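Which chain is which? They are A, B, C and D, in the order written, and residues in each are numbered from 1.
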C-alpha cells in the first residue's frame, strides 16, 4: 500500500528531474529514451495501482504552489488515461532514438528532451492533480512544453508559426480555465476537486468557462485552428503524444469536472453536442482536402475529438434526463474512443514519421510507391487507417459502434421528439463522417504508399530500422487486441464507470457484436482464398496505359485530384477553386505545360481569426503611437494624468 | 481686499515667472529666475522674522546662496559653454503662452480657494494662488520650450512653486528635510546641466524636440 | 440431416444465386431491348473461366492489390452468411446494422486501395468518384436502416427483420425504397454508373478493377455479385414486410416469398436500367438526394410512431 | 551606530575600492564580493524581522525598518549584487577595461553603489520627507548609469529619464506637503511627516488634504514606477542603459517607487478611507497592466520588450497594493525582480553577441547558445507568470484575492492582459530562439555569462514550487 503514493510522486517528479538534467547536460537520445521508457513503466504502475481504488497523496508542507498545498490523487478515471499515456510513451520511447537520428542538427537535443520530459510530466500531473492549482500548473507545463516541442525544428519558419498559433490557443484556453477555477473557488471556498460539483445553477458560469477552455485545448470547432498547424510540425513521437494523449487530457479534464462533477447545465450540453458534431464533420472535410500527411492526420484528430465530445455530451444529456443506462453506453463509447483514438492515431503519426524518415517528405505530392519499399510501415499505416475508419474488428469500430448505439438508443428513449430527431440526425452526420474518413484514409494510403514513386526520394526509400517497426507493431497489436478482445476487456472498465458516477450495465451490450467470430471467420476465409484461389504467383506486367507506352508518374491521381469531387460539393464552405495555367507558344492548340493548382480556404481563419489578430495588431500599433518619442508629449501625458487623477480623485473617490 | 506684504511678495514671485514665459532670451530668463529666487529667499526671511523661527532663516540663507546665486551662475556658465543665446523657438508663440499663464493664474486662484486649508494663520489664498500658479507656469515652460536649458529653468520654477506652497501653507517643515530637498534639487540641476552640455557636444544643438529617436 | 440440407441449400444460395441475379438483370435488360441475351447462368460461367486463367498483375502493384481482392470476397461472404437477406438461413447469430455498414465500408476501402495500387489514372479516377458517391449515399443507407431499428429498439438486423409486433407498412416501404436507391449507388448500378460501359473515363466500379484479372477479377466480381444479392435481398425483405405481416406466414411460403421478391427486385432493377440513362456525374448528388429524402421521411415516420 | 555602519560600511569600502584599485578588473571583482558581503550583513541585521522575532528595527525616529521593508531591502541588495557580479562578464566583453574607458567604468561603479545606498535608504525611511529625498536620490544616482554608453540614444534616454522623473517627483513633493498640511490642520500640533505618527493619528488627519496628498504622491512616485501613461521614460531608459544598470533599474528602482506609494497608502488606509487607495490603485494598476500588454504585442527592441513587461508587473504590484496586501506585493516584487534581472542580464549578452538591440536582428539563439536560450526562455515564462515559476504563484494569489472580493471586472481584465502579455513576450522570445542565426559571432564564456541569471531563475522556480510564499504572509 505504501508503494502507491510513491509511484504517484515518481510519475511527476521523475520527468521534472529529467527535464532539468537534460537541459543542463547535453543528453543522448538512447539514454533519454530509456528514461522515457522508465517513465512509461511508472505510469503503467500508477495506472495499475489506482485502477480500482483512489490513492491520495498530500505533499509535505514545504511543497506548495503559492498558498495552496500540493495534492496528488490517483483514481480510476485518471488511471484509465494514465494507461493510455503509458502505452504511447513506451512506444514513443522505443521509436525515438532511431527516428531522431535523421533530425540530427535540426533539433536541439537539450530543448527537445527537456521539453519532452516536461510535457509528459505535465500530462501525468494533470491526470493526477488533486486540486485546481496543481491542475493548472501541470496543465500549463504541459501546454508550454508541447509548444516548445512544436518548435523543435526551430530553423523552419513554419514551425515558428505553428508554435505561436498553438501557444495562443493554449494560453487562451488556460485563461478561460483560470477564470472558471476562480469562480469555482469563490463558490466553494476550496481548491480541491472533491469539493466541487456543477449540479448547482450558481456554478454554471464556471462550467461554461471551463468547457470553453477544454474544448479549445481538445481542438473542437471553431477552436481547432491551432491543431492542424501544431501537430504536423512537431517530430513524430511528439505528434503522436500530442494527438494521441494530450488532447485526451483535455477530455479527461472535461470528464473530471463535468461527468464526475455532475454538470446539470443543459444549454451547455446542447452547445457542446452541436459543436462536437460540427467539429467531426468539419475535421474530416478538411482532412480529405489536405496534401500533407501529418496535417491530414491532425484534421482527422479534430474529427475524432468531435466524436469523443459527442459521446461526452450525450452522456451528460442522458443523465440529466434520468436515463442512466443510455448515459453509461455513451460514456463507454466515449471512453473507448479516447483510448482507441489514442492508440491508432499514435500509430498513424509514428508511421507518418517513418515515411518522413525514409522518404524525407510528408508532402503527398512528393510521395508514392512506398508500399513496395516499406511494406511493414505500409501495413501498419493501413491497419491504423482501418481503425480510424472504424473497420471491424479493430478498436476504432468498437468505440464508434458504442457511439452509434448510444445515439440510436437516445433516438427512442429521450423524452421529446426534438431531442430524438437531433440524435437521429447525428447518426446521419456520423455515417457521412465515417464515409468521408474512409475516403480520406484511402486517399492518404493510395497517394503516399501505393502507385509509383513520384520523386526519386520516395523511390529510394528504405524500410525503417527494427526499433521503429517494433514501436509500430506494439501499437498495431494493441489496436487489434482491444478491438477483437473488446468484450473480454470491457469488465475492466467498471471501476472507471463507477467512479464517473455512472451505472454499470448488467447486460452485455456487446452481445450483438460478434467481433471475435467475425475476426476468425475473416481470417479463415482469407487464408482459404489465398490457399485455393490466389496461390499461383501472378504474371507481372505493366499497368494498362491505353497503348501509349510507359506511363508517366504524373498520370497518377494526386492528393488534390482525388479529393476534388468532394471539395467541389463543399465549395461554399471550402471556397475551393482551381488555378489553371496553360503555357506554350500556341497554348490553345498545343499546350506545352499545364499546371492546375487547387486551393481551399479555411473561412474561420480568413474571416474570423485573421481579422481578429489584425485588429489586435492595429490596437497595439495605435498604442505604440502614444510613445512617439517627444519629451514634450511625455510631459503633457504627466499633466493630463494629473488633471484626470485630480478630477476623478476629488469628484468620485 | 487687502494684501499683506508677505502675500504681495508671493504674488510678485508668481508674476516674475509669468514674465519669464514671455521671453525666449536665456540670459534674461536666468537673471529673472535669480531675482525670483532672491525674492523667495526674502519671503522666507520675512516669514522667519514673523514666526520668530531661526531655522527658517537658515533655509532663507541657503536658498539665496545656492538657488539664487549658485544655480544661475552654473546655468550662465553652461550657456557660455554651449553658445546659445535664445530658445530656438517655442511650441506655441510666447505672447500666447504668456496669456495662457495668466489664465493659469486665474485657475490657480479658483483652485486655491477650493483648497481645504483653514486660512486662520495668515496663510491665505494669495500665497497658495502664487504657489499653484508657479507650478503651472513651470510646467508650461517645460512643455513649450525646445531647449534643454529652458526645461531646467521650468523645472526650477516648479520647484519654487512647491516651496512657496510649503512655506506659506504649512509651518515647521523640518530643517533637515528642507535642506535635503534643496540639495537634491541642486544636484538634479547640476546633472541636467551636464547632460545638456553633453547634448550640445553630441548633437550640435540642445534642442530637445530633436531627441525623439527612441519611440514605441 | 435437415440441417445439412439447409446448409447445402444456403451454400447454393450464396454461390449460385448472386451471379444468377446478375445474369437475370442482364437477361431482363436484353429482353426489353429486344435482344435474346446471354443465359442467366452466364456470370457463373464467366467466373469459372476467370478462375482457370493465369493471373496478371501490374508490376506497380504491391501486396495491397491481391489482399484487397481477397478481403472483398471474404467480407462479402461473411455478410451473406450473417445478413437476413433471404429467408431460411441456418446461421442465426446476431447481425448488427452498424457492423454491416462498416463491413461494406471496409470492402469499399480496400477496393479503392486496389484501384490506387496499380498507379493507373483510371483506377484512381474511379476511386475518387467511388469515395464521393459513398460519402453521399452513406447517410441515406444508415438512416433508412436506423429508422427501421427504432420500433424494434435494437440495432440487430435479425431482430429488426423478425419484428412483427410493431408493424408500420409505410415505414418499411419508405425505408426499403431508400435502401434500394442507396444500394443502386453502392453497387454502381445504372443511373450513377453504367456497368456495361466500355469507356474508362465514365466508369466507376469497373475502372477500379480494371487491372484485376483471372482469380483476382473473379474475386472482385463475385464479391460484387454477393453484395448485390445481399443488398437487394434486404430490400426485398423490406417490401415483403410492407406488404404483409411475415410473422403469420408459414415457413415454406416464407421461402417462396423471399426468393420470389428477391428475383422481382432484380428484375425490376433490370427493367429500370433498360429505361434509365446514366446521369451526368455532377447530377449524381441529385439522384442520391432522393434516397436521403426517403430515408428522412422514414425517420420522421418512425419517430412519430415511436412517441406513441 | 551599529546598524548604520552595517548598512553603509561595506559600500563605503567598495567606493574606496572603485577609485583606489589600479586594475579595473580586480576592482570589479572586489566590488562584487563586497556587495555580496553587504547582502549578508544586511541579512544578519534584518534577520530578527524575517523570522518574526521583532516587528520593527528602529535606527532613529525617522529611520526604521519593518518586516515588509526588510524583504525589499534584501531583494534590492541581491538585485544589485547579482547585477554587479554579472557586470564583470558584461564589461569585459564591452571592452570597458581599456585605458580610455576606465574612468567611465569607475564612475559607473560609483553611481551604482550610490544608487544601491539610495534605494536601501528608501526602505528605511520612516519619514515622508526623507522618503522623498531618497527616491529623488535614486533618480540622480541612476541617471549616470543610463548614460553609460555615451551614445546619442543613451543621452536622449537619460535626459528623458531625468526630466520626466524629476517633474513627477516634484509632484510627489507637492503631495508630501499636502500630507504634512493634513496632519498640521488635523491632529498633530506642528504637523508631522513621521509615518508611525501619521498612521497612529490616521483618523484625525484632515481627509481632503490627505486625499490630495495621496493623489499627488501616487502621480509622483507613479511616474517613477512607470504607471501608464507616466511610463514614457521607462522603456527608453531601460533599453539604453547597459544591461546591469537596466537590471538594477527594473529589479530595484521600480520596487522603491512602489514601496513609497505603499507607505502612503498605509497612511490613507489608517485614516479610515481604504476605498480611496483601493479605487485609485486598482484602476491605475489594471489600466497599466492592460496598456502594457498591448504595448508588448508590437515591439522591436529586446530590452524595450522586457521594459514593457516591467511596466506590466508594476501594474500587478499596484493592484496588490490596491487590494491591501503587502505580502503579496513583496511576493510579486521578488519574482519580478529575480526573473527580470535574469532577463536583462542575459539580453545584455545577446545584444553584445549579435551586435543589435533589434528583435529582428536576433535569430536562431537555440543554435547559438543553448544556455542563453534556456535562460531567456525560462525567464520569459517566469516573468509573464507561467507556472511553475514564482510569478504564477503570486499572480494566482492576486487573482484569487480579487475574486474573493468579487472584483470580477478586474479579474477578467487581469486575466486577459496576462494572457496577452504572455503571448506577446513568448512570441518575440520564440522568434529570437528560432530561425537561422544572422551573425556568425560565437557566444562568449557560456558558463560565466549564465550562472547569475540561471541562479535567479532557480530562485523564482523554487518560490513557485515550494511553500516560500507562505513565509511572506
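Everything that follows uses one rule, which is that a contact is a pair of C-beta atoms (placed from the backbone, for glycine too) under 8 Å apart; a residue touches a chain by one contact, two chains touch by 3 or more.
Because the structure is predicted, anything quoted here is derived from the model rather than measured.
Engineer: Would you mind checking which chain's C-alpha centre is most distant from the centre of chain A?
Structural biologist: B
Engineer: As a test of whether you follow the contact definition, which chain pair has the most C-beta contact pairs?
Structural biologist: That would be the chain pair A-C.
Engineer: Between chain B and chain C, what distance separates the C-alpha centroids? Give it in angstrom.
Structural biologist: 100
Engineer: Just how far, in Å, is the C-alpha centre of chain B from the one of chain A?
Structural biologist: Chain A and chain B have C-alpha centres separated by 68 Å.
Engineer: Taking each chain's centre as the mean position of its Cα atoms, how many Å separate chain A from chain D?
Structural biologist: Roughly 43 Å, centre to centre.
Engineer: Between chain A and chain C, what distance separates the C-alpha centroids? Give it in angstrom.
Structural biologist: Between these chains, centre-to-centre, one finds 36 Å.
Engineer: Check each residue of chain B and list the ones that touch at least two other chains.
Structural biologist: Touching at least two other chains: 139, 142, 151, 208, 211-214, 216.
Engineer: If you look at chain D, which of its residues touch at least two other chains?
Structural biologist: Counting only residues that touch two or more other chains, chain D contributes 159-160, 163, 167, 208, 235, 298.
Engineer: Hey, which chains are touching each other here?
Structural biologist: Chains touch in the following pairs: A-B, A-C, A-D, B-D.
Engineer: For the complex, give me every residue of chain B touching chain D.
Structural biologist: Of all residues in chain B, those touching chain D are 115-118, 135, 139, 142, 148, 151, 155, 158-159, 162, 165-166, 169-174, 176-177, 180-181, 184, 187-188, 191-192, 195, 198-199, 202-203, 208, 211-214, 216.
Engineer: Chain C touches which residues of chain A in the complex?
Structural biologist: Interface residues on chain A, with respect to chain C: 368-369, 371-372, 375, 378-379, 382, 386, 389-392, 397, 400-401, 404-405, 408-409, 411-412, 417, 420-421, 424, 427-429, 431-432, 434-436, 438-439, 441-443, 445-447, 449-452, 511-514, 517-518, 521-522, 525-526, 529-530, 533-534, 536, 538-544, 551, 553, 555-557, 561-566, 569.
Engineer: Spell out the residues on chain B that touch chain A in their complex, using ranges where they run on.
Structural biologist: Residues 91, 139, 142-144, 151, 208-209, 211-216.
Engineer: Using the touch rule from the top, collect the residues of chain D that touch chain B in their complex.
Structural biologist: 127, 129-130, 132-133, 136-137, 139-140, 143-144, 147, 150, 152-153, 155-160, 162-163, 166-167, 170, 173-174, 177, 180-181, 184-185, 190-191, 193, 206, 208-209, 235-236, 239-240, 298-300, 304
Engineer: If you look only at chain D, which of its residues touch chain A in the complex?
Structural biologist: Touching chain A: residues 159-160, 163-164, 167-168, 171, 208, 211-212, 215, 218-219, 223, 229-230, 232-233, 235, 275-276, 279-280, 291, 294-298, 364, 366-367, 370, 373-374, 377, 381, 386-388, 392-394, 396-397, 399-400, 403-404, 406, 411-412, 415-416, 418-419, 422-423, 426-427, 430-431, 433-436, 464-467, 469-470, 473 of chain D.
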